[in-house]
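For reference, the structure discussed in these notes is given below.
We call the chains A, B and C, going by the order they appear; numbering starts again at 1 in every chain.
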Amino acid sequence: MQLRMRRPVGPALAAALALLLAAAPAFALGGRESRAGDPAAAVPTPANPRLRLATTTSTENSGLLAFLHPEFTKDTGYIVDVVAVGTGAALKLGENADADALLVHARALEDAFMANGHGAERRDVMYNDFIIIGPAADPAGLKGAKDAVEAFKKLDAAGRENGAAFVSRGDNSGTHVMEKDTWKKAGVAPAGAWYKEAGQGMEQVIIMADGLAGYALSDRATWLATKDKTELAIVFEGDPALFNPYGVITVNPAKNPAINAAGAKAYLDWLTSGRGQRLIGDYKMGGETLFFPNYKPR
Amino acid sequence: MNRRDARPTRAPTGAAVAAAGPATIRGESAWASVAGGPGSPLYEARGLSFSYERKPALRSVSASLQAGRSAALTGPNGSGKTTFLKLLAGLIGPYRGSLRFMGRELSEARALRGEAMYLHQHPVMFRGSVRDNIAYPLRLRRVGRDEAAARAEALAAEFGLAGLLDRQANRLSGGETQRVALVRALVTGARTLLLDEPTSSMDARSVALVTEALAALKARGLTLIFSAHDEELVRALADRELRFSAGILEEER
Amino acid sequence: MGALAEAWTLLLGGDRETWWTILNTLRFSLWSTALSFLPGAPLGAALYLGRFRGKRAAVSLLNATMAVPTVVVGLFVYSMISRSGPLGGLGLLYAPGGVVAGQAVLALPLVAAMTFTGLQKLDPRYHETLLALGAGPARRLAAILREGRFVLLQALLGAFGRVTGEVGVSMMLGGNIRWYTRTMTTTIALDAGKGEFERALSLGVALLAIALIVNFLSHMAVFDE
């Protein structure tokens, strides 16, 4: 049994593929021209215009960066490549010099990062807060809790007694770190079938909690973006212990010559400038402000 | 020129071909350059073994083949005849044991130097005319297009194949294909032919023609080593017989 | 059904980002297919032609490399092209080059293996005749590749299908950066994770269409005699 190629099709196919291949470089759909906004009338053009920012998935999913970065590009000419991973991974990217700047929300980890010499400069940028979401019926009775610690104690009790589920990020993200701290302050080591460590992003965790009619700790931004897809509600909020501060860090340029130090510095300066801070406060979702700028120059 | 011979022409008789002398059949190597005349050692196999994917096809075969003394390999299918033949041709490997051709171990590159040519039971013809096919080995050796065609035509004529030269090589009958393949294998002057069942699945007329052609070559001093089921062919051409069975060389005559 | 309707609207209405993603995916796939095919096909052919002691082992090794999970391939390439890695100076990570490199590494063993097994379907007498008549290795390679053109075509299409449909390597090495390294598969993963299924669906439909076309071409060009 011999397999043979049909004469006309074979060469035609080869020609078509060769053509597509030759045309491939013409697919120069690079980032530059597809940026929204005016063509570069008075946009500065820095030598190395690509800036790599490592941040968290919740920050990226909030839509804030899609709102801010075009403005940043207009002002400075830098194009920001956003790599959105977990907080731990973002910091790791900084350590390995695979990112030029970081925008994360895990103060303790940020401080350790700076102390170990991985970062050149760190500044406060903004904060949003964490809230506890859960079923509207609130079987764990969190609505009356006076602070976060009490709320978490109630979650633990409810979980062990009647199996009200709690879905954790379980991925060492800023949210997860906040959650673990609060458990510690409440003197509780959550364990059992009711405590589910998802190991996924914030949106996924919210959707999972919805599916289980359970609770979760979420940042307000992701909640606002996701709430219409669920039947959950905010059952606890307002405790300053649950405030979620963000920091911007420029990675130490001494690590690697490939680091875009100028771009990182420009980003850090811009985010904490009057204009940047104002824009952060202007970003709204469904009429609500998500992030509260809080940079105070020294 | 329109050679519309539908039938293959009769090959010249053995005597006529032998009388024609060496010059017309030789390609590059002169007659005298063959190391040693008839009777000198050609192939020396010692403990030769070969397996296809762990399945042993040849087990520790030892044999000695001399130049000018034609040998027939007989035995049932799967007994190792073809494997042995292909090893002699340098087509398969690596083997275990020792196999020397004119003193040189076959595993070394170019040990055969085109001196020994293999022919399949059903030879494969390349796209193109009979002339193109016969000239191909010369073209491989960088012989010019015109010279290669001329030499191909001359050799084809000796074997009565001149009428087939312009035919499409893959549209020939079994017998024609075999004879064209024979000429193609000889065009560079090989003195040893390794043939896998050269007359199988052929009509009586083709068998006769092929046998005659082989006999003519034998008369000219070529060494024929061939596998066969046909006793007639064995008797007509072989000086000795090597009988194979299940990968072992059973007996020699 | 509403989601599906919205998905069609996104596609047919020429939503800019959707179409950009589709074209970008094709761009990456064409490059990685070429980069895996050019070394892979001769490698597979050489393996077919070669006669050496460790041939069976080499073939097993080739098949084994195909079985490596894509995320492991991604991890390996990542460690190579990270700025802290040996090839960091090339600036491939989180850039189109990294995605293409990773996809090519993924597809290379596939091309070699498909070429190897495909060539085995050819009449072995063809190669043996070339060998017997005195053709050198380079000429035999060229002749075999020409005789087995359809095998090469199938390997090419196979590689294209593989890289277009994979997500692990593209995600890991490209970072899923908007307007830069996003592909159809990474965007689908992103959207599905966010619960935004409309765009994911439209891209899924496009992806399916591409897969079907590639498959169809692969079969149409070859038939049994």
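Just so we're on the same page, a contact is a pair of C-beta atoms (placed from the backbone, for glycine too) under 8 Å apart; a residue touches a chain by one contact, two chains touch by 3 or more.
This is a predicted model, so every value here is computed, not measured.
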What pattern do the touching chains form: line, ring, star, complete or other?
line
Chain whose Cα centroid lies nearest the overall Cα centroid:
C
Relative to chain B, which chain has the most distant C-alpha mean position?
A
With chain centres defined as C-alpha means, what is the inter-centre distance between chain A and chain C in Å?
31
Between chain A and chain B, tell me the centre distance in angstrom, where each centre is the average of that chain's C-alpha atoms.
76
State, to the nearest whole Å, the distance from the C-alpha centre of chain B to the C-alpha centre of chain C.
45
Numbers and ranges of chain C residues touching at least 2 other chains:
123
Residues of chain A that touch at least two other chains are none
For chain B, residues contacting two or more additional chains
none
Contact footprint of chain C on chain B as seen in their complex:
53, 86, 89-94, 114, 117-120, 122-124, 126, 136-137, 140-141, 184-185, 188
Inside the complex, what are the residues of chain C that reach chain A?
16, 20, 23-24, 26-27, 30-31, 34, 82-84, 88-89, 91, 93-95, 121, 123, 149-150, 153, 156, 175-180, 193-195, 217, 220-225
Residue ranges of chain A touching chain C (in the complex, touch as defined)
1-6, 9-10, 13-14, 17, 20-21, 24, 27, 29-31, 34-35, 52, 61, 66, 81-84, 96-98, 200-201, 203-204, 207, 226, 229, 256, 258-259
Where on chain C does chain B make contact in their complex?
51-53, 56, 123, 125-126, 128-129, 131-136, 139
